[in-house]
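Right, one structure below, let's go through it.
Per-chain residue numbering starts at 1, and chain names A, B, C and D are given in the order in which the chains are listed.
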Amino acid sequence: MSGNTFGKIFKLHTFGESHGKAIGGIIDGCPAGLKLDAEFIQYELARRKTNQGLWTSPRNEPDELQFLSGVFEGITLGTPIAFIVENKNQNPADYEHLKNVYRPSHADYTYEQKYGIRDYRGGGRSSARETVARVVGGAIAKLLLKTQSIEILAFVSKIKNIHIDYDVNKISTEQIEKNPFRCPSHHKDQEIQDIIKLAKKTGDTIGGVITCVVKNVPAGWGEPVFDKLNAVLAHALFSINAVKGVEFGNGFGIVEKFGSEANDEMFVENNRIQFRTNYSGGIQGGISNGNDIVMHVAFKPISSVKKQQHTVSSQKENVTIQVEGRHDVMILPRAVPIVESMVALVLADMYLISRTNQL
Amino acid sequence: MSGNTFGKIFKLHTFGESHGKAIGGIIDGCPAGLKLDAEFIQYELARRKTNQGLWTSPRNEPDELQFLSGVFEGITLGTPIAFIVENKNQNPADYEHLKNVYRPSHADYTYEQKYGIRDYRGGGRSSARETVARVVGGAIAKLLLKTQSIEILAFVSKIKNIHIDYDVNKISTEQIEKNPFRCPSHHKDQEIQDIIKLAKKTGDTIGGVITCVVKNVPAGWGEPVFDKLNAVLAHALFSINAVKGVEFGNGFGIVEKFGSEANDEMFVENNRIQFRTNYSGGIQGGISNGNDIVMHVAFKPISSVKKQQHTVSSQKENVTIQVEGRHDVMILPRAVPIVESMVALVLADMYLISRTNQL
Amino acid sequence: MSGNTFGKIFKLHTFGESHGKAIGGIIDGCPAGLKLDAEFIQYELARRKTNQGLWTSPRNEPDELQFLSGVFEGITLGTPIAFIVENKNQNPADYEHLKNVYRPSHADYTYEQKYGIRDYRGGGRSSARETVARVVGGAIAKLLLKTQSIEILAFVSKIKNIHIDYDVNKISTEQIEKNPFRCPSHHKDQEIQDIIKLAKKTGDTIGGVITCVVKNVPAGWGEPVFDKLNAVLAHALFSINAVKGVEFGNGFGIVEKFGSEANDEMFVENNRIQFRTNYSGGIQGGISNGNDIVMHVAFKPISSVKKQQHTVSSQKENVTIQVEGRHDVMILPRAVPIVESMVALVLADMYLISRTNQL
Amino acid sequence: MSGNTFGKIFKLHTFGESHGKAIGGIIDGCPAGLKLDAEFIQYELARRKTNQGLWTSPRNEPDELQFLSGVFEGITLGTPIAFIVENKNQNPADYEHLKNVYRPSHADYTYEQKYGIRDYRGGGRSSARETVARVVGGAIAKLLLKTQSIEILAFVSKIKNIHIDYDVNKISTEQIEKNPFRCPSHHKDQEIQDIIKLAKKTGDTIGGVITCVVKNVPAGWGEPVFDKLNAVLAHALFSINAVKGVEFGNGFGIVEKFGSEANDEMFVENNRIQFRTNYSGGIQGGISNGNDIVMHVAFKPISSVKKQQHTVSSQKENVTIQVEGRHDVMILPRAVPIVESMVALVLADMYLISRTNQL
């Protein structure tokens, strides 16, 4: 009801405010018998972490993950898997000046309207720090999906107005992780550096697009009519802060084609049904068709800019604000594992649901 | 679980195959005491109906709505409101030739992979006829939202590559309903007619974009972190057949801006908090901010084209197919009330949930 | 939320007021590929029906069942199975005098307090007629459970203060169906007839206990900690009108034993783990242990008595009332298939959930 | 799905194995603005704790409660309230001998059948230690219900075969808390001591009945047809370990009455509708009627007896077992706050749901 749970069988419940004691969650519904590879989960958390790259802030979040339940001798018990990451390096005093002012395009005003109260320290529950729990949940979902050979690959395909080319059949995690911006190729690295430097200089921020490709999903996952695979994936992706658009396959581009140009024709080769094209992005009628699932996610520029902006106080006065503090210039590379995590959570759930579809 | 229910408090359960006995549903969780304006609901159904316009097929679906429960002397009882619309004018024999062949970019192949069985008559459960139940549910949701002065306005803002201009502050239902394509203005009517005629002549189909604007939603609706208002709206919209993209406010366009250009600055006037711009589309941090909620929905062209296409049979043979029968050239104008209905269902639910947010 | 849905994967949504157009429901989540034996379902409905026995009223409800969706050529499609039974033989005028008076121990007063409105005709939604939908849902659940060899046997084990003896290993449906009161043996038939005659003569009603035994449930069903198998069964049973108590195995009797007398010792014979006793009623730690599941359900006497009673009007006046009309002297024999249906719904759901417990 | 969540709007998610790192949970859906009285919550936990009474084991569990989120300056934020209690004083070696043997009437065998794996240390997830999280959740629910003047009073009304008399209108928490067995009066204290001493001497255990009375629930709570107030309360109560029976009002006793004797007649006095009797236990048609809600809960004797018993090993051998270790002779007094907690969780949820029943 209150929006802190994701999933139906494989569920993630999360909790935590940015400057509270801890961020954490519970994975409930993970089948018993799964080897919980703690190293992999910690690695995924590290991917999300602020590091010392060009585009990041000098903040340092040690993100030490503790599991509290649900695992016995390294194997899942089928019982809830609870985990926490304590919040450290907090300077609540940094936020005192935000107590009575609403930062533009943040959730300050809307949380206060909704609840009549708000933890103003670092955005409280609305902070992107909350995604720590998504990445832990997503990592466990990935471990489950690996037993089905499923691979989830996200990368930055556009930064501000710079498109980065890629070939969906040639991308690999190794290649993406090597790129400083988690782009699928280096051919625009210089342009990207230039735009980041410009934004830093002017105290501004930038956004972009993350593309996610999922390989080896079998045909038959997704629950029409309301829980179509694309509908639940979109729900998952739009639940990430700053996401303003989601499309599958050719997305908004497909509307300019005729139907005969937009359909994915089928053929049989070696007794296997295949598709000539993948305009649909691997989903038809809300159910996976066995092709790569392809989606694109638009992230707006970070709202915390160091430029002066007009806004209002909780006393309804007109004021100006400059959001200081340790903020990234762009969120995109750090959002890559978050996108993958949300996609993994959806697919882990759809996998378990699919076990109940036939007699 | 199985995807035939939408909503958490204000729920719509739907059922029905295209050529089964009936399409219908249950609205559960509608508060007691609502006047159920049957005429309005029937009017909404008529908006969805195939008519004799240029862009539609000569099919005729009488769509007589019967309520079975939940209403007493015209007032809702607080108990489930069940309704059915019988399926008439069926020619199952029309579909016999599709029994063993998968139409490209339809759900034929995916349903069969999922369930091991499929009702091949007119797409069965995957048919757009299923949206009848959404429109009835949406109409009841609209009646509930009207008690809160909320108005939902959808219209066709792009047909194939033709953009239709509009001013979000000047559109009205009357104006949209007068336009033969449910566009917000007439300035592209001739271009649209030409492209439709061309598609008809070549046995082809076209897609486009529907924009939806919601007025008077109070600040404070939406349930972060996973059930952000935009996340649940996107879920709702992607659950409609043929939707391939959804964006809020400036959507994919916002990624090309700097943060300082993309933020919605606030000001106070007459003791009321307002926004200088609405790039966010009325939602911040997943909660409504009191501004118009604005979203854009991409519909791919209809998959049923009369041109010959390559596909496969259920016996894994390569075959060709021409989808004959009574099909529209585009779905967009009929999809307008469907988009509105899904948006209404989300907002009715968020309204009731919001009653539980504070002490 | 609003209490008209039962189950998590295998779900029953119901609707309908006693004197509305129809009673019905949707079974959602039934796996595809199940042969839907319409004759068996109609037979189950007939078991619930008022007949001309000693203990029943002369009412006649023809209960013609129509399926609207979800079945194709006699096989379930995996899509929602909707069904209705039209309400006939209605005399709403019979109820006009109850419009402004609350019958003692009925739901008249509580519904009006809850919803601010009430359909006073025959109890509206609170009528036992609502169980028609449970029996249809339960019959489909039984068909699913039969594929797992599970057998559900309920019978009347106590009528007022008359205990009916039985041996849990010797009861059979045939034997129960042959008894005019659905008792497991004939040895108290005369006593029962006498008490019924007495009640009829004085315009009074009687209650009793129904026992339900389930055979062949494998060890491992039930979802601790909150959805223990006994907890969900109790939820199901208490949702039936007039139920005031539920116990498993030795129930309230077990509290008088020492722990060493109450435990079910285990042993191995022919390489099969077995239990010396079944005081637990087949459930330990909320999970089935492979033994017979045994439960007892207390039904209060029907509230509609023909004797004069004190009550109040909706205008807050003291009044007296005699509930006339066609009412049974006891509900027990008709409640037998309802108890079985609720148990079947729980087990069908637990069966599907159990498919997701292990890797 | 997996049974670790209770509630629909006011939800408790729990986690933790007896000898894992921590027991804990998340309260989600608690309205913003509630003063979280930490002292009261810790007091409730202390009530559940093993102490040094006659009937308890010498174990010592310090149960230090930490809140991790959802509270800001002592007030609930409307966001999830996470809490943990670390497990201390663990001797896993104590349990090594139980690794391959199934204790009779425990959940050892059933957990292993369900999940294919089991944490054998102290019962793992099936341990009564899990109820720590229920008591924390219940205490927060009580704080919410106090804003509605609702009072929940449980007490031990039967120990083995000893009935303890009480007058529902005269009981008070103070009186109950003063009694060493949480009985409502002292008149059977000597008899109780004798039976406890006997059980201790023979290495045996005893059970009993807890009665719970709820005062000041307004008419109109509960969600028919499936989520009747009694149905959800029974679900909650049967989810507690060792519960074998639940009844409301006169329960199993009411079946021996005629309808005219069992009905609760109504009258008006001082313009207020009242009931002459409360055989129904405060619930009619699944909805509260404004009267005291009264229920009785049967607890079987603790399964861990020190007498030798027959059982089997996981290698399917016949073995004998004596369950040593620090075990209570009876659970009843410690179960009193657990019963109250489960009842509070149900009522807090029904309270919030009731806010959505009318326009």
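Convention: a residue touches a chain if its C-beta (ideal position, glycine included) is under 8 Å from a C-beta of that chain, and two chains touch if they have at least 3 such contacts.
Computed from a predicted structure; not experimentally measured.
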item: Of all other chains, the one whose Cα centre sits farthest from chain A; value: C
item: Selected pair, greater C-beta contact count between A-B and A-D; value: A-B
item: Approximate Å spacing (C-alpha centroids) for the pair chain A, chain C; value: 46
item: Interchain centroid distance [CA atoms averaged], chain A/chain D, Å; value: 40
item: Between chain B and chain A, distance of the C-alpha-averaged centres to the nearest whole Å; value: 26
item: Interface hub residues of chain C, defined as touching at least two other chains; value: 1-2, 4-5, 8-9, 14, 29, 32-33, 78, 114-116, 125, 356-358
item: Of all residues in chain B, those that touch chain A in their complex; value: 1-6, 8-9, 14, 102, 104-107, 109-111, 113-116, 125-126, 130, 158, 160-161, 199, 202-209, 218-228, 230-239, 241, 243-252, 254-260, 262-268, 271, 273, 276, 279-281, 283-290, 298-305, 307, 309-312, 316-318, 353-354, 356-358
item: Chain B residues within the chain D interface of the complex; value: 1, 9, 29, 31-34, 78, 144, 147, 352, 355-359
item: In the complex with chain A, residue positions of chain D that touch it; value: 1-2, 4-5, 8-9, 11, 13-17, 20-24, 26, 28-29, 32-33, 66-70, 72, 75, 77-82, 84, 114-119, 124-125
